[in-house]
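Below are structures written as structure tokens.
Consider the two complexes below, in which chain A is the common component and chain B and chain C are the respective partners.
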Partner chain A sequence: MSVSRTFTRAFSNSSSLSRAGYSTVKPVHHLVKIEKAALKPNYQSLLVPKDDILAVGYKPTEIDQDRLLDHYHNTIQSDLMLHFYKHDAQKISGNKKRSWGEDSPYKMYRPQKKPVGTTRQTRDINPINFKNIPQLESVVVQIFNKHALEDSYLNISSRLLLSQITNVKAKQIYAKANILPWKMRAGKPCGAKVELTGVDMSQFITTLSELVLPRIRTFKGIKLSSGDRSGNITFGLDPEDVKNFPEIEAFQELFPNLTGLHITFKTTARTDDQARTLLSSVGFPFYKA
Partner chain B sequence: MVGVLRRSIVRAYSSQTSPIISSSLLLSRNPIITADLNPFEAQYYKYQSELWRRLMWTFPKWFYFREGTLAEQRFRQLNKDPVSYNPDIEYPQGKPEIRHRRDRRFKQVINLPKTYKQVGEEGHEEESLTKSHDDLARQIIPNSRVTKADESNDLTSLERKLSRTLYLVINQNNNWVLPNFVESSTEEIKALHTLAEDGLYKIGGEKINYFNVSNTPCHLRINEVENKKEFIIKSHILSGEFIPQDESLQYLWLTKEELKGKLDPQYYYEISHLFSDV
Partner chain C sequence: MFKSMIPNGNHSHIITNTIFKTFSRGKRTATTINAATQKIVNQLSALSASRKQPKLIRLCQEDLIKHRTIVNAWKVFKRQREQKRTAQLKKQYESIVNAMEDLKTSSPELFELASEKPKKAVLFPLEMRTPTDYPANTPWIYNYSPPAKFIKAKKPTTPESS
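Up next, the complex of A and B:
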């Protein structure tokens, strides 16, 4: 629920920085590749974030009172802090990369050992205080359209569908892998996604929890088991459920191949449990399957 | 120095008898509607939203109203094309910049056919009588932000000041305080939140649906006069009503500013940080 602000993008990539090798023999070559053409002064204005009045594609973000954000600041935030308070709570350290030891000079610059049992590090879980009360960062809505794998023009309607219900222009997503039984080929457009922040996110959440979900007869709630263990909750809607969006309902003949949606709530909570508490305070019920 | 000494003496004296443990209830009714804006905020949002409308994409009429359909005809009747640009004419107010039948200098206003008659139109009276409340074609009129309780200044109503947080206070010995409950028997010990819940049902009836935020108290107030430790339990009233069971009990639902006038200044000073400004 932070104010939407896209960071200024630089015309360089940092992937080479994370590589192990680094030449210190002169002449030292630049490891960061720079697209020099993009450094032209004419292009500088393109780097300004969209919510800045100087930007080329300026779009005002604070256009009205944000009901959900106000409710969060007035009521939910302080409640969550009290709710998560645990007496004498300690930091729970995540699964981190391990050192090889310091007994040999050869181990000094050696890349660290992987965490126990996994390949990725996990984050520390700190006790909740006024600085780290869970809040919603963004909502990602995504469509996978398998029909578009064969006829790519069918992807237009899924992008349009997303743009209609979220008020944000949808990005096209492409298949990454070749999977023959699914007729999937790398590089084929196969769906759409949007990431919502700010007013658009609040509006989408309100529509979802007040109009769409209550009209689904079979809807019991979000599964209690959903979540990626680090505070992001995902659930899906069927094509039948998508028809309940007010933008779609009256114009169903304009969307001939309706597909389902995947909705992911990205939160700053470190555990799924905290994220679920946050979401249920915003109006999403959960159920035990 | 003398004051400090006297204070320490009083403390030493009071600590000989162990303080009574009690739980106070901070029962609040959350805002129901959006906050009232001050003129500056209202103007700011107005300006930003007008700017947003001005920069908005053109409405894709060709997608929603296919050419040749009746709906499109009706749409065209309601939405006249803007003044087109003629190079032979001088425009003192600025040249029209037409793209897709929209003047790009201004925001696009779209009129859709109405399903109802407006006030002052012919047939409005009959329609309002015949159309039922469930009819989707009816005109949607938002409820007033000011309720009857606001007009009559009924401080005991839960339907007053919809945009503010209200807190329950009761009158005890001619003092307005948060409801405070003391354990009746020393034999069995209740948890603080159950003590508060039982006490609330006892004074306000069982027709209250409330949400207890946490079993952990949000504040500890040391009442030196009565040698009492008051643990404050935070909760919200969701539905129902506070109906005093004892007829002599006076209660009020007040906002933060109103509490400042009602509560004892020292008492208010100690707990004012618990109240919401909104």
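Up next, the complex of A and C:
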């Protein structure tokens, strides 16, 4: 039973029924997710922003003087601006993704070529002026606990350790890959991580540079070669060194199997040298390995 | 049980026992977990947020208005402080640029020297400290010189060469 073509092409209602048509309007209704639960009147109290005193989770933030930030604004910032000033400096463009060209319409929506030699783009390096003086953004403290791969309850103590040291609740991190010799399975909890900003960051840095690091006898400093080439510097602490944190020192029996820490300083500096100069201003020594 | 209901002097103590019996659903035993498990439970409870949520602050209308006024004033103060800081930095930056421009025209040799940049990272001295509320009795050592091992040894000048 075939419908004749002349009939389907006719200017009538039945034509649209037998044709496989499509809409040119993009369907949006199921792409934009709307949390209708949040519209419930019971949840109105949860929608109040957290810095409002009427909010359920209100936590006063500015309760203390930030010694490190004050020092930065009063002394370091202008020094850094003068130090990094370079006359007639130009922007150094990063390694960016490349266009395929515009000579053919087929290249129009093609995903761009990868950057030369790498897979990741790098950032532009702008000359330092009064608007972009390097500053500490955040500090990421991370623990990898290999014992937790076998017994996941062992991860609780490393989470607690991190939370005690940093005053921020630590997130659990999970293994991403299956690596047989390390007994690693994807999805197993294997450590903890916190990202510190603001007062917590300043507090952690002062504790580290004034209390912990001076008591490590073998500590020489952060390696001058450390850095990810875009202004973020990482160093590690051994399990023995972690004992020097005042929060751990008095309760060593609570943390029988200590693990080391990885500490990453994220800065707004775009080169490692700038980041090192910035970090040395808060009392971190560097050494040539 | 039935025996105890019979009024008999001999069984009086049984009566009291049976009447005042406390009933419980199932058998209750004291839960004992070993020390290691208890330790983990303690650690978890230290991490979890339950029972640590502070009470919701209930302010009267007047207190709320007071609080909001103070918060707004603090925000204004912070914004003005930030603007002042930025203006100051901008002024400093412009004077650096002007000075270098000036030097470029007036003395090219000095300009070359001034615009030389070290290839390695220049670090702040380790002796520099973040200021504290209670400084030492001698806050600043005016005639400070670094320890001997940090001073580069100068080449001894022989009398013949001089």
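Annotations for the structure displayed:
One rule holds in what follows: the second predicted complex is superposed on the first by the 233 of 289 C-alpha atoms of A that agree within 3 Å, B and C clash if a C-alpha of one lies under 4 Å from a C-alpha of the other, contacts with A are read in each partner's own complex, and residues count from 1 in each chain.
Definition applied: a contact is a pair of C-beta atoms (placed from the backbone, for glycine too) under 8 Å apart; a residue touches a chain by one contact, two chains touch by 3 or more.
What you see is a predicted model, and the numbers here were worked out from it, not measured in a lab.
By the touch criterion defined above, A:Y153 reaches chain C but does not reach chain B.
In the overlay built on the shared chain, the residue A:F251 is in contact with chain B alone; chain C does not reach it. By the touch criterion defined above, A:Y58 reaches both chain B and chain C. When the two complexes are overlaid on their common chain A, residue A:R67 makes contact with chain B and with chain C alike. With both structures placed on the common chain, the touch criterion links A:H83 to chain B and to chain C. Contacts of A:S163 after superposition: chain C is touched, whereas chain B is not reached. Of the two partner chains, chain C is the only one touched by A:N129; chain B is not.
With both complexes superposed, C is the one of chain B and chain C in contact with more chain A residues. Shared-chain residue A:S280: touches chain C; no touch with chain B.
The interface of chain A with chain B overlaps its interface with chain C at residues 58, 62, 67, 70-71, 78, 82-83, 85, 87, 254. Only residues 30-31, 34-35, 37, 44-45, 48-49, 51-52, 55, 63-64, 165, 213-214, 216, 218, 234, 236, 276, 278 of chain B touch chain A when the two sit together in their complex. Listing the residues of chain A that touch chain C in their complex gives 53-54, 56-58, 62, 67-68, 70-71, 73, 77-78, 81-83, 85-87, 129-130, 133, 153, 156-157, 159-160, 163, 169, 206, 224, 254, 272-274, 276-277, 280-283, 285-286.
Chain contact summary for the complex, chain A toward chain B: residues 58-60, 62-65, 67, 70-71, 74-75, 78-79, 82-83, 85, 87, 251, 254.
Per the touch definition, chain C reaches chain A in the complex via residues 39-40, 43-44, 46-47, 49, 53, 56-57, 59, 64, 67-68, 71, 74, 85-86, 88-90, 92-93, 96-97, 100-101, 104, 111, 114-115, 117, 120-124, 126, 128-132.
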